[in-house]
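Each in structure tokens, the structures are laid out below.
Here chain A shows up in two complexes: once beside chain B, once beside chain C.
The block that comes next holds the complex of A and B.
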């Protein structure tokens, strides 16, 4: 256990010091939302909650060239830039842990491993808003998956070191570090109490794996399918969505062939379509069922926890209100304000 | 610091291979014999896979898709594929000549649990292109005949012209230690010497010890239901009924997600599933 503290006014020089590892990225306000961008530390918003696109973009970009083909040979030139990402909340770090387990099992993904090695994760504590439900998914605190984790205690930050690389990176900012005292710990304990009391969204994910499995033939999937636009937003903003597609493209300028890899979505119609036109999941309801089964049942049996970290992105993003909260409530026969739940099923 | 990751073998990197022989099996299905160009990898790659596994075949600029290996690891040196012209990639594969290059990744998938099948009677039921993955296991069993009990192979096709590996099976039918029954739905030229009718009509010939039989089926989706009913009538346990399934796949390694059913990735948890899996995981067939 390595614990330090820094004074609040030292945060900016602290982050600037960490730039010695690589480019500094963090959450910045954009319109009513937040986005991770490369910026000066003074531009970061310490109150930022969920960004539009989660931090998975640093580990496998939304689109990148995985292979090139030249002179009858495939080449792999993927070299991620070294980055420090500041401002990752516990839900985001939990999602990255799921990402890590997923991409390192069976056939470890070389692109992921390179990005992982090139990225220093600096976590930051947060106070939940009305869309956060990480207490229900058990992801409101983290023990691993970060290099450094900062807890905002008013006039100071607690700095928790989570990895040997995090420890090494502290050499860049040694002069700002102070030993954490017993008083800091008591401050932390009262901060935790205050934080835990500030969750506003009440949802119970208990029993989710088997309730989803038992509800395979429930009419609510049909309702959901009728409302869904198949836009794929939920999968792009979900921090634990991992699916991708590979496509070969010809680069006319450089006269070379490249195999691009980009995020893909199971709610797209073409997702399960094979050559010859057969579609294994033609109906929107089938595709949504896959998404929720995979999130709430599949990961549970493979990794022991659901693939939802309670970040609330699907809640604020889905244009028709299909999200983990409304789906779980509908499956549990609980009252819901989601419009799609009230809609009548055609031809039912 | 992280240079180590650049040296590590990239499982997305295709391996160059040469088409050494090709010929048409039917009007739209072609047989390809392929040899990996890297001399050091040839033997390991072609002798260590399991029947039922598949490989990703790719052509630059066109793309990549999964194909069952139809050869057996008991005859190493070459990979064999049986490919139907159905989409963009397969149409381009049909334009290739002998000595042209294709690119391979794999083998992937669980394959048949050959070790569990040893000592048991084997009952194969193939329909149409389903003969491709089954031929791998069948040849493996024939090459290691002592390791298995009785061998029954039932094969159905639409017409005699559509029957894959027709001549090969005519020859294999001569073997006394192997029961091979072939049937066609229709015989427009009226010269088919064997059974006519759907593949399930061949079950009348089957004499196996159901409690000690591994049954394997592969064919068009409509076939599974009827064939499985016949297996159950014989009294073969769910866990000994195997089927191999197809899905869209882009990586073959349980990552891209496009083959997911429920929480199983067909490319790593399959493509071979038992009847119990199919009952337990909704949407598999």
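The block that comes next holds the complex of A and C.
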């Protein structure tokens, strides 16, 4: 992997230079949170850790028209604009790699592939907060899945080049690049030590696939199901959730049919409902069990890693505190302060 | 193919759903072109009530005997009956009070029992309490886009099914901060989507005007709100605006049992 550096004061012109590839998007503050928006580089917030919605939105939008048909002919007008997305942390890039596997291996998804081709990923290092646990999921550093990756070393950024496209994009910003030296690498090594020591949230994911499998009949799922609002937030904010639904409609004004595709959630009641009205997972507990089994067991056996990258979004998003940390702790019989654990709701 | 014959009717309600159909200004000519409109009093006083209908759209709740008679007539002549708007689908804000409570409210407003002579009032109910309903479009009022979607499918001979997932999904698609997490009484998790999460996108918490999703977990949300320090009264008030009296009564009982 090639390595350069740029001076800190050159970050904004550097990003402006990359705009030669396409629209520039990055994290900007929204209330107490962050969102990826198209903005000027000086408006990006480098302290942003997790955006409300992850970068998966750049690869398959939350809702879009996948095709239109009329008189036995169909056309697909999905043409994503070329974009530079800046500020993606290692957990986010690992999630994109999971997304990539899912959408390319068995049935390559044409919409995903078009977005992928139109997107330049520029990663950024980070210092964890109390919700980050990428250390436990093995996703705190990243070697692939980005075009460029910037590590913040105070007065300079190291610029790692992760792809031929990343290499090409450097032509746009050549004048800011300097060769990295031995001293830069030593500074990086000590930065890594400091960063690795700063994780506050400790969680043990060892043996999780087996623990989840053996907990199939545990009463914990029912307790969780009684507390779950089925709002679907966990799946919308999860960077590795891929489920979607399709809906056909007739546009009476243009006299054509269109097929919309939108993010869907396995915690919704109709998710496992089939023609005739039978529902394979009528109970909320069954649906939650599916989500956690998929993340921590199913994905593991299919792709060799859990479908969780420790970003902490479920932790900060679930109104009743059902998230990877609290569920793993509950399944391990460890103490947990999550709201759902103390909720006494009997409704099933 | 002959144009489908339709009628658009209003029972007791604010007529806001019919108005929103008229508000589809860019599509209105197309709607009038695709369908043969036999009755739409808000748009034209020229009606043909003798004709049979392929589709009847009905807004408003059944709140009087006249409503009930009209509804039965509409049902008789329509192949497909579609309830539009919260009043027709769930009974509306007026269904907040039922039976016993309703009589009390009635006397409070009208003074005595037989004050209204034009028609006999009834406790407000959704139209499905009296006749078979083939499709629904909730909302207070209905939204233009979902209405056009529904009308389009009906024009193609498809009986539309309103999806059943909460406002939170649309809210997250719009990348909003969660108002429930910010400590507000937001009914997003319990409320059916379709509105596009308009209110939470403007930082106003959901009051449930699209009606509850199937198998909503109101117990959990009530518990959560109680935990956040809201009073039983505040929670019950918010839930009962569009949730009807039955749910409000269950909720009250549940919350009082938690108070111990």
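Simple rule for what comes next: the second predicted complex is superposed on the first by the 340 of 348 C-alpha atoms of A that agree within 3 Å, B and C clash if a C-alpha of one lies under 4 Å from a C-alpha of the other, contacts with A are read in each partner's own complex, and residues count from 1 in each chain.
Here is the rule we use: a contact is a pair of C-beta atoms (placed from the backbone, for glycine too) under 8 Å apart; a residue touches a chain by one contact, two chains touch by 3 or more.
This is a predicted model, so every value here is computed, not measured.
Engineer: Using the overlay on chain A, decide if chain B and chain C clash or can fit next to each other.
Structural biologist: fit
Engineer: Hey, in the superposed model, what angle do you get at chain A between chain B and chain C, Cα centres, nearest 10 degrees?
Structural biologist: So the C-alpha centres give an angle of 70 degrees.
Engineer: Answer with first, second, both or neither: which of chain B and chain C does A:250 touch in the superposed model?
Structural biologist: both
Engineer: Can A:297 be said to touch chain B (first), chain C (second), both, or neither?
Structural biologist: first
Engineer: Looking at A:230, would you say it contacts chain B, chain C, both, or neither? Reply first, second, both or neither.
Structural biologist: Touch partner of A:230: chain C, not chain B.
Engineer: I'd like to know which partner A:3 touches here: chain B for first, chain C for second, both or neither.
Structural biologist: Once the two structures are laid over each other on A, A:3 reaches no partner at all.
Engineer: With the two structures laid over each other on chain A, which partner does A:107 touch: chain B (first), chain C (second), both, or neither?
Structural biologist: first
Engineer: Looking at A:72 after the superposition, I want to know if it touches chain B, chain C, both of them or none. Which is it: first, second, both, neither?
Structural biologist: So A:72 only meets chain B here.
Engineer: Using the superposition on chain A described above, determine whether A:172 touches chain B (first), chain C (second), both, or neither.
Structural biologist: After superposition on chain A, A:172 lies in contact with neither partner.
Engineer: Output check: A:275 vs chain B and chain C. Expected answer is one of first, second, both, neither. What do you get?
Structural biologist: In the superposed model, A:275 contacts chain B only, not chain C.
Engineer: Nearest CA pair across chain B and chain C in the overlay: distance in Å?
Structural biologist: 6
Engineer: Across the two complexes, what residues of chain A are contacted by chain B and by chain C?
Structural biologist: 247, 249-250, 264
Engineer: What does chain A use to touch chain C in their complex?
Structural biologist: 30-33, 35, 51-53, 62-63, 226-233, 236-237, 247, 249-253, 262-265, 268-270, 284, 316-317, 319-320, 339, 343-347
Engineer: In the complex formed with chain A, which residues of chain C make contact?
Structural biologist: Residues of chain C touching chain A: 26-27, 30-31, 34, 148-149, 151-153, 155-156, 163-166, 168-169, 172-173, 175-178, 180-182, 188-190, 213-215, 217, 219-221, 223-224, 227, 258.
Engineer: Residue numbers of chain A touching chain B in their complex, please.
Structural biologist: Touching chain B: residues 66-67, 69, 72-74, 76, 79, 102-103, 105-111, 113-114, 117-118, 216, 242-250, 257, 264, 266, 271-276, 280-281, 286, 290, 293-294, 297-299, 301-302 of chain A.
Engineer: Would you pull the chain B residues touching chain A in the complex into a rising list?
Structural biologist: 1-2, 5-6, 8, 10-14, 16, 58, 60-65, 86-90, 101, 103, 246-248, 250-251, 253-258, 260-263, 268, 282-283
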